[in-house]
């Protein structure tokens, strides 16, 4: 363990500021984990397995990006999973009703943003705790799914199908889905916004100390409401990617996905108290969760309950190692 | 008691009245086989596990923590007790049931200590620390029951939920007793204040010599024990352990109950009476959905709307706005004369 | 209406629930003047400032800026109108870098995005102007309160403001930093900025201000030209009666018997890598040991090691002659050590608990949760210490977070004094405390010492350290440079050691 | 279906080469006893048939199933079988499987793909038919009866396929008799506690319940507790129909507390392994294989109980 700590610190170089340390540690552990899988299972450590990790989790990446914004301000958004489901439902239902696919996508995205705006406004102006507001949002969005339809709605719109089934070749045998490209763009935009705009810096400031941010004359309201709009829009976009992934709308889609998103963000080294963390960390968090899943499916002999226990254990090993390494790194 | 009166009782009252309007016999309570019987009793009886889980959650939240593993511990405790009873050579004897219950509680305490270890000792963020148990624990429960629903036929075990003390269901008695005990302990000892201090400013508390680690540890163990008792009630209620579904998403309802009760998720000041009220409100809401006949496909929307309403009406900001508007309407002359003493600071948090 | 006033506040009243914080207060600020706002702890100074910048809405009264009535929606609006403010408690974001804190919200941009190179350059420039030698990319939270205070000041003077408001900017600063600040303030005054200045240091006020407004219990006492008022008059205006606080506290030098007794606490080679180099220090019963040094010299670091707040990685400690290892504050408290930390907001105040609960917190913690201090005893302790330290409002049920800064500090002192420790470590106990209370606290420390408590005393005010201490340990660059005792404890001598590091090793 | 056959002809030769066949099986989850029995049956049958099983549990999430199927493709298993969480949304991944020449078998639930070449066969029960069977019994039982019959329904998890289909089949059948009326219908989430709590509320609001139709045994068993607590006799005062026929349910049926159970058989393992071998060998198999299922009344339950496996 100490050796790893040393190596991490070494790799990170002496000059890595402590705030990057959690991300660096996460990255190192991710590589370790992936390498471990490669040693244990043949055909695991292939490029396509790595890319599949992205293909299968592109929606989670987008979700985690939105969640990162929210958590950076010290908030939380529990509604994201349900909004994903609602987005798939709305998209499927509108397509079934004969709407044009482009318009459908637009409606879904704007709808998600408006949903986030409403929650953000309640949280900020009425001073109600984010956990509760978004929990109500979670119930509401899920409930609206049922209202639209109980059964799953298949999608046979040609545009949606084409997007879903396109493989973007990367040379060799390797390919990714268009969703991966979308997720990549989202991540890039998020990094830009967080680090190169005043809005982004205000997000960090609000997470560090909302009182101070207000006294410093920053646009606290804009940031606090804005992150929920972003999260809402990201959820809707993730919902669209999920729709491409599934080609169906279903009210029971993405149950509990908010926990996956939160876990990814936290694993990526972001503090739930706000003010500290990086989008790239969250992406790594998603990859870690995805790797755990992949290892499980390669293992292939686990009963349902052992799968759960192993997921828990891997998560545990990961967070404990991360914690211990980051602590040593600082000391 | 005064504390209770300051809490928002009206959502509960409104829900009860809604039921009464739909079903005139809603408040009727009669004696059935030496046990009180009626919708109100159902609410109390079915709400007892939630109330207990929420009680443990309250203290955890007061220390700035959160416990996502509550539902899982519910499943584990039922699974352990029932599996023990079902696989023992004497599955009907009270002794077997007692041992099973003891085992379940002991294991829960250990799991709580585990959570406490991760949070207090290793300093892992509570949400992720307890997520580990939330994920792995249900697998553990399934491992214990082999994924099957374990049915037991044990009079003593059935008695946890089936028997009554002075006609009051034992579940209600137990929950009430635990609440009373916690209220007493937190008031009569310094535990309540110290828990709040740790939740409000951990560093200042540490420098003031508060043993924050052991306090955090204690509340997680207590939360797990509460969840375990809740799990025993739930599985006794159907004489079976369902490792797959028992306590599923109970943690969210527990957190909701705590927050409805006026405790802030940011830690610090908490209210036990408020949590009780919150748990009852949620259970009443569930019962209302069943008895008023809300179709399942809109029940979630209904629940969401009620929750939103409750919180809107309760938000200090909204109340202040309403008060201001009312005052403006009531007395046209300048308000200088009517210096309304604002509610004591801190009570509303 | 005063035509020349840049800011004119008239008839301002603010109430927090039943507490009337301000009642019909007037304040005028002219361009090119330094205006001191004076008053005891809790008089309403910070509240008046926060009303000006739109943090608190006014219940009654009017604010005019350049003759125009204004009602700022919040600090952002006030800032946009040219009012730049340093609030009393450091209000910056500890998670961000020093440079960012300086420029947050007005970062130089290029093509719409933040120009980080520009930020760093600008930050270095601003820090340079105040002669601050810090790395702008280091996180703010890693620095001492004093440095954070300087950053906050730098942030405020960085903008071209018409009005600069400084609420107790000097409470943690030592003489050279204060001099630096005053140099900047004078320059701004010359360029026509109106400066509102709050301080409890009477000397500083007389040094820098042109006029002053005095508040007492939320009411206006009067406005005076600094030249027309004596120190004694000012204090009695603030306090409302004659007070002999300006007399120097006379403290008898340590009784010779002290040396014979074994030290309460003795440290040999106590140090921590990156924080403070090994220090030898012994404190005997009844002795006050002062720690003197410049900002960042390692005083706080040493104090924290003595208390186990941080773990030492070298050296030994003995308490009462027995070797101990202080791994936690708790262990230190059990050994009879008390520590009032420098950063009261982060490390002292439990804001949402009542004054009473805060006062008994340490005592309760050391008794364990099972043995609750009976309510009657709590009430009695709270009442006695509220009276003794003149804590206002005198309400044991008030939430500590709602008290004024100085009053919070008094509560924290009370927290430790009631535990009757054998060794009392005070890191900046008089920070932000008004003249009257400061004298009280000094007297209290002296009295504690007389009763046999050993005291380690840290203060940015060298005067205070020298006056109170029997011995002074001088630190420089996180290294002990000298120990002075008896006759040698003398202001000039200490200053010289701090400045030069002194060839003379003790 | 000719295209499908063509795909099968070039199936990977691992099975043909004499090595053990590998089957990738993606299970929905472990949400009920029924499901666990289903899993166990598949695992045991694979062992018995000498087929190497790659098992993956999706924890009720479609995306996990899709991931699992992708990883099966990656691992180049010989045959893929899975119980779809939902009907829709499988086309993309099934297309990938087809491209990789790996035949697919559906178990338990169907998919709604229009392109039937994407899978070889579907082995499973017909939930709508189960609902019909339950309704049919009730229609016959109340035939010639006098006056209205008040039915309450305990639905499965809202939105799940068995819940929707069992409701549909039942409603469709009882429409024959205008006296049969569902006066309340609520979800009990397929669980015993759910069944008990909802039934408690029903009993308070509707004092005149004649029949309970529960979408699975577990909810029925929970409801029995509620009925007994209310001082009524299950099976007599209130007739009870359920679906599944798990052991506890059969016991209650034998005891007369339940009146009728429609079987939904989880023991698909042996049938599945047969199909796997055939498909791997490139043989033609029917598009739809319905599992052998029956219904039980009290007498049948008493007879079947001793040999009941789950």
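Should a chain be cited, it is by its letter among A, B, C and D, assigned in written order, with residues numbered from 1 in that chain.
To be clear about the criterion, a residue touches a chain if its C-beta (ideal position, glycine included) is under 8 Å from a C-beta of that chain, and two chains touch if they have at least 3 such contacts.
Values in this document were obtained by computation on a predicted structure and should not be read as measured data.
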Contact-graph separation of chain C and chain D, given in steps at minimum: 2
Pair exhibiting more inter-chain C-beta contacts, A-D or B-D: A-D
Whole-Å gap separating chain A and chain D, where each centre is the average of the chain's CA atoms: 34
Mean-CA-position distance for chain D and chain B (Å): 35
Centre-of-Cα separation between chain B and chain A, whole angstrom: 30
Separation of chain A from chain C, taking each centre as the mean of its C-alpha atoms, in whole Å: 44
Residues of chain C touching at least two other chains: none
Touching two or more other chains - residues of chain A: 146, 150, 303-305, 307-308
In chain B, residues with contacts to at least two other chains: 142, 147, 296-297, 299
Touching chain combinations (by label order): A-B, A-C, A-D, B-C, B-D
Partner chain D, residues of chain A touching it in the complex: 43, 46, 48-49, 52, 55-56, 59, 145-146, 150-156, 161, 164-165, 242, 245-256, 293-294, 296-298, 300-305, 307-308
Interface residues, chain A side, partner chain C - complex: 17-19, 192, 195-198, 201-202, 204-205, 207-209, 211-219, 275-276
In the complex, chain D residues that touch chain A: 24, 27, 29-30, 36, 39, 43, 53-57, 59-64, 66-68, 70-72, 74-76, 85-92, 95, 112, 114, 157-161, 164
Chain B - residues contacting chain C, complex: 188-191, 193-194, 196-197, 200-201, 203-211, 215, 268-269, 341-342, 344-346, 349
Complex interface listing, chain A residues touching chain B: 122, 125-129, 131-133, 135-140, 142-144, 146-147, 150, 259, 262-263, 266-267, 271-272, 303-313, 315-316, 319-320, 323-324, 327
